[in-house]
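Structures are listed in the sections that come next.
Look at the two complexes coming up: chain A is in both, with chain B in one and chain C in the other.
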Partner chain A sequence: MTVTSRFRTTWTSTAAALVGAALLIMMAAAPQQVRAELTIQVTKGVGSAIPVAVVPFAKSGDLPAGDDVSTIIRNDLEMTGEFNPLDPERMLSLPSSSDDVFFRDWRLLGQRYLLVGRVEREGDQVRARYELFDINSERRLLGETANTSVDNIRTLAHHISDKVYEALTGEPGVFSTRLAYVTLDAHEGKPRYRLQISDVDGRRARVRLESDEPILSPTWSPDGRRLAYVSFESGKPQIFTHELATGERSVVASYPGLNSAPDWSPDGRSLLVTLSRSGNAEIYKLDLASRALTRLTDHWAIDTEGEWHPNGKGLAFTSDRSGGPQIYIKDTEDAAPRRVTFGSRYNARPRFSPDGRYIYYVHQRDGAFHIARTELASGDEQVLTRSRLDESPSVAPNGRMLIYATEQDGNSVLRVISTNGDAAYTLPAARGDVGDPAWSPILR
Partner chain B sequence: MRKLLVAAVALAVSAGALAQSSTPAFQNNQSEARLLAANNQGNAELFFMIERLQEEVRNLRGELEEQRHQLNQLTRQSRERYIDLDQRIMELAERESTPRAGSGGSGSGTGERSQSTGNATTVAKEYREPSAEERQAYQRIQKLIQEQKAYDEAIGELYDFIAEYPEGDLTVNAYYWLGEVYLVKPQLEQAKQAFTIIATRYQDHRKAPDAMYKLGVVHDRMGERDQAQRYMKQVVDQYGTSQAAGLAKKYLEAS
Partner chain C sequence: MNTMMKNSAFALVLSLGLVAGCSTTGEEPLTDEEMSAVDQDGGASVYGGTDDGGISADELRERDRRQADSAATGDDAALRRITTFYFDFDTAEIKPEARDVLAAHARYLANNPDVNVRLEGHTDERGTKEYNLALGERRANAVQRFLVVNGADRSQIETVSYGEEKPAAMGSGESAWAQNRRVELIFR
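What follows is the complex of A and B.
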């Protein structure tokens, strides 16, 4: 068995486990000191991006060096691909409040929107005042003040990015959301798996769990306070829930055979899980309070990778009941499954868009694996990625972006694209490989 | 030959004996062992048979699902085609019923007709300069698209605009925006239509290189890479100096 990708989809591991092959994960990286952070590389921009000027914020008081609020906002807006922030060096003036703004300067520079502001230190707090203008109509769109503690400047900046994004697009921003993912590197000659959580720009990563054995398929609870995942730490696959604030963990599924592919229900009360306790991979609903199981699929083919519809009533899953893996949807728990992917012989790992309009999945075509989506109403399929070994799609909670794992220069990396297929940025791990990304819900 | 025949008969007989012995009047150890062996062999055969059947059922199921899907698609397409045809016939009928005097309504109508009947070798086409009113209507639609993002409304307005002000300079722009809006929606088929109109009917218009590039983009989105590449090459060949050609080159290099 050649392992081309170190984080294979649940589909392949399910199939492999069922034919009795051991979960063999190969090692590539030499033992080296691990930096937890991912670094960002914007690889592709769009021509139709909206020009927006984010003026460097005026500063007063003793502020921590390194994290500059307006630079973070500029990077946030740029990585969506929907905005084209103006280079501060080209700015004709650097206003910090509405009194100093001359709109014709910004019109001359071809800008559509303008963000100005100032940051002040007050004791342990940092306060930011900011204003957003429409340059054509010379109207103020936003004017707010936000506070945070000194060590949380990035949180403050992402918060402002969210507000600006929402004011300009009408959709909530996702800059304050988080990513969960698993990194793999060598540690004293042994593989080291680390479940980490970072900001969407890859910064402020923190390791939540480390193990010599594989950690797979993290999924967020709808309130963003807990994760569920598969860990092999006991030598066999078990599903855990993990309270992020306290670090408290509990095993919720440890049945004979497979315990895999958890997906948290929109009401937070249950998980969809794949178990092979009956001798064959089937999807079950696991009630978290009572631990009661309800079997949702019943077929001698492999059924796995269940994902709740955002309405919490139906589900999508992968099944090879028609020969190769294809995606099926049950509109309710009791409904008969209907197949929704027809474009090729291999379609797996379904993920709904937050509005339930699209289903995203891994799609094989001409020997390469891409991320594709199908509009459920029309059945129209669209291939979104060009790279060859794409897997594990996870959709941002506003439906505008999508993260997936792929290969770059022989290493697994995470890549973010806008769901219209335009912009892209890459989040490679500083060392080794990274995979199995899960985009958090919007955190309140 | 005869030997073979004999062997076959002997086999048949012994098989018959085995079948009989499955309901024996009495048993000794030997016959029990034979029975067990026969059962094991039977089980293994059954197991393989079931596996083969399962495999076959899966494949048949796949074919059935795919054919049902194709049937649904065909039904949908033929319904859409019918509606489209019906609309065109209705439009034709309407045009027939309104008297020719209608050409007084827009000055451009006659100009366009004389051009098409004149049928001289077409040198770079002159596009009708838009009127102030036309310009305003166009700007209103642009606002709908870019600021309000009211795409559905904009689509309706664009069609009205094209009907109201045909064959003008801005008409081609309107087709282009129609394509762009459909691309955002995304309704790729419709986007393809709109861009194709420009790329074929208005090849000398300044929007033509962009339209052809976008046609490539549409095909790319549809997963039709070969087609996409063909259009991209065409942009480079036909409009080498345009900005679109630069984008097309980038696409060709990346793919």
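What follows is the complex of A and C.
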């Protein structure tokens, strides 16, 4: 494959060349609505899933066709693997409020929870009223209203899913969070890399950056308003931050050699980055306001893929100082690194669970690359996936699900699994490959 | 993919040719023209029937030197047509069979200070993207060190790693992976 960069410049790019490159990119980067590029495929259910009946919501007024609130909620709950929504065709009645709920009907159908509701058009707004019941105790768990603009029905549905999920599990739902990822296809004879953001079900994808050179390693700011990523648009890797609302971008790292693996600190003020300006890959803390660098590793080996501990004090990273890549943790920025993976000769790209209890990573076993996790207190390791070329794990902000890139039918796809390993769904790109997923924080 | 395989085949043919060329040089009888040329050049005396093919030691050295020079120029140019170098999984060790070709590139750079080269390091798709970026850089750096040790100037060389992002061969499996674990020299 011969690739001619649109923005090939010399190693010491002139400012003018960089400005030119940035202009071209920004034109391509103007947010554009595109056809949803990822199509959900639920590949695996689970026997222990909780039966829940989501009754088709009653509707009044002129509602847009296509996005049905109760269908979206049903799909949301199903894709967690924790719930088994009842097929509406099996329902004996279709109540829309507590007045017409007969618990006996739902007990007959073996259901544990029941969600009913109504959607109404009011001007350019849509209002939903919904109630959640525990069928055994005949108790109402939720009774709320929510509204949004008429073109935002999916947001409304995901919001209700989040409320229902939290009421039933005690954990916040992540249906209103977003995914960032990079697709790759061929366009006019050249590779086309596109950084996109979609809902967690792959819908409402929008292209945020397009380039014929690689884009990789997107990472979210803790407030969900910015991304940092690596782009080769200038002919060499540079780390950018990107304000999602405005499209405004800044080059924050453009040192000789590697500029890679950004990870945003929990306080939002700095990035962990991998630079090789000293001659080989080392991890630095890059202060975003002052651009000051603090070197956090110092070894002749490769040190990369740093991720902050959720407490913002320590970090995990990959190093091949023992001969092959393994995961190390520094409990503070100044602490000596300690190795935490021993199960095979290749363990890389650590990602903490939000509570800091587990570390997830790419794990090689018998020549295949899987996603595994280690419970840090016990050292117990569990391999979570069975596919062969798994990489780029990213944990959902409630710790219940994990997204990673894998291969299916010769293409790279995204797969979401529950962190107990029980459920999975796949998000293939409509064309070409999709990889490098990053699960957003909970957006407020 | 096809280009890559042709290059490997070319490398093989080339090394066979070199061996053949070396072995025939000392054994073939010299023509009058060649001998007279040597005569004119060095004023050497010619003996018949000796083990060294009828040329004095001085003449032989001179002749070898000139042949080596022309071979170095001609064969270096041929060697330098190979610009992609392959690596084993998770290593950055330059393979023995790459050394002669890289040395030819280094000589070329040393003799042509205005020429610059970009070393692009790549890995196969296995493992993680960021680790592979670092591994691709390690490979490019290994080639850079080899070129500098063999006479190229550091300022003539830039390196960049693409990790697993730009495979030369599509598909999964060792045959594709082997072609993707590479450093490409791009002269400009």
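Brief remarks on what is shown
Please note the rule applied: the second predicted complex is superposed on the first by the 408 of 444 C-alpha atoms of A that agree within 3 Å, B and C clash if a C-alpha of one lies under 4 Å from a C-alpha of the other, contacts with A are read in each partner's own complex, and residues count from 1 in each chain.
Here is the rule we go by: a residue touches a chain if its C-beta (ideal position, glycine included) is under 8 Å from a C-beta of that chain, and two chains touch if they have at least 3 such contacts.
What you see is a predicted model, and the numbers here were worked out from it, not measured in a lab.
For the composite obtained by superposing both complexes on chain A, the positions of chain B and chain C are free of clash and fit together. In the superposition on chain A, contact is made by A:Arg365 with chain B only, not with chain C. In the superposition on chain A, A:Lys236 makes contact with chain C only, not with chain B.
Contacts of A:Ser418 after superposition: neither chain B nor chain C is touched.
Within the superposed three-chain model, A:Thr177 lies out of touch with both chain B and chain C [touch as defined at top]. When the two structures are aligned on the shared chain, A:Gln382 is found in touch with chain B, with no touch to chain C. In the superposition on chain A, A:Ser260 contacts chain C only, with no contact to chain B. Of the two partner chains, chain C is the only one that A:Ile302 touches; chain B does not reach it.
For chain A, the partner touching the most residues, choosing from chain B and chain C, is C. By the document's definition of touching, of the two partners only chain C reaches A:Gly410; chain B does not.
Within the superposed three-chain model, A:Pro325 lies in touch with chain C and out of touch with chain B [touch as defined at top]. Here's the short version: in the overlay, chain B gets within 8 Å of chain C at its closest Cα pair.
320, 324 are the residues of chain A that lie in the contact sets of both chain B and chain C, per the superposition on chain A.
Interface residues of chain C, counted against chain A in their complex, comprise 90, 118, 125-131, 133-135, 137-138, 141, 158-163, 165-168, 170-172. Chain contact summary for the complex, chain B toward chain A: residues 54, 58-59, 61-62, 65-66, 69, 72-73, 149, 184, 186, 188, 221-223, 247, 254-255.
Within the complex, the chain A residues that touch chain C are 1, 3, 10-11, 214, 216-217, 232, 235-237, 257-258, 260-261, 274, 276, 279-281, 302, 304-305, 318, 320, 324-325, 346, 348-349, 362, 364, 369, 389, 391-392, 407, 410, 435-436.
Across the interface of their complex, chain B is touched by residues 47, 170, 300-301, 320-324, 326, 339, 342-343, 365, 372, 379-383, 386, 420-421 of chain A.
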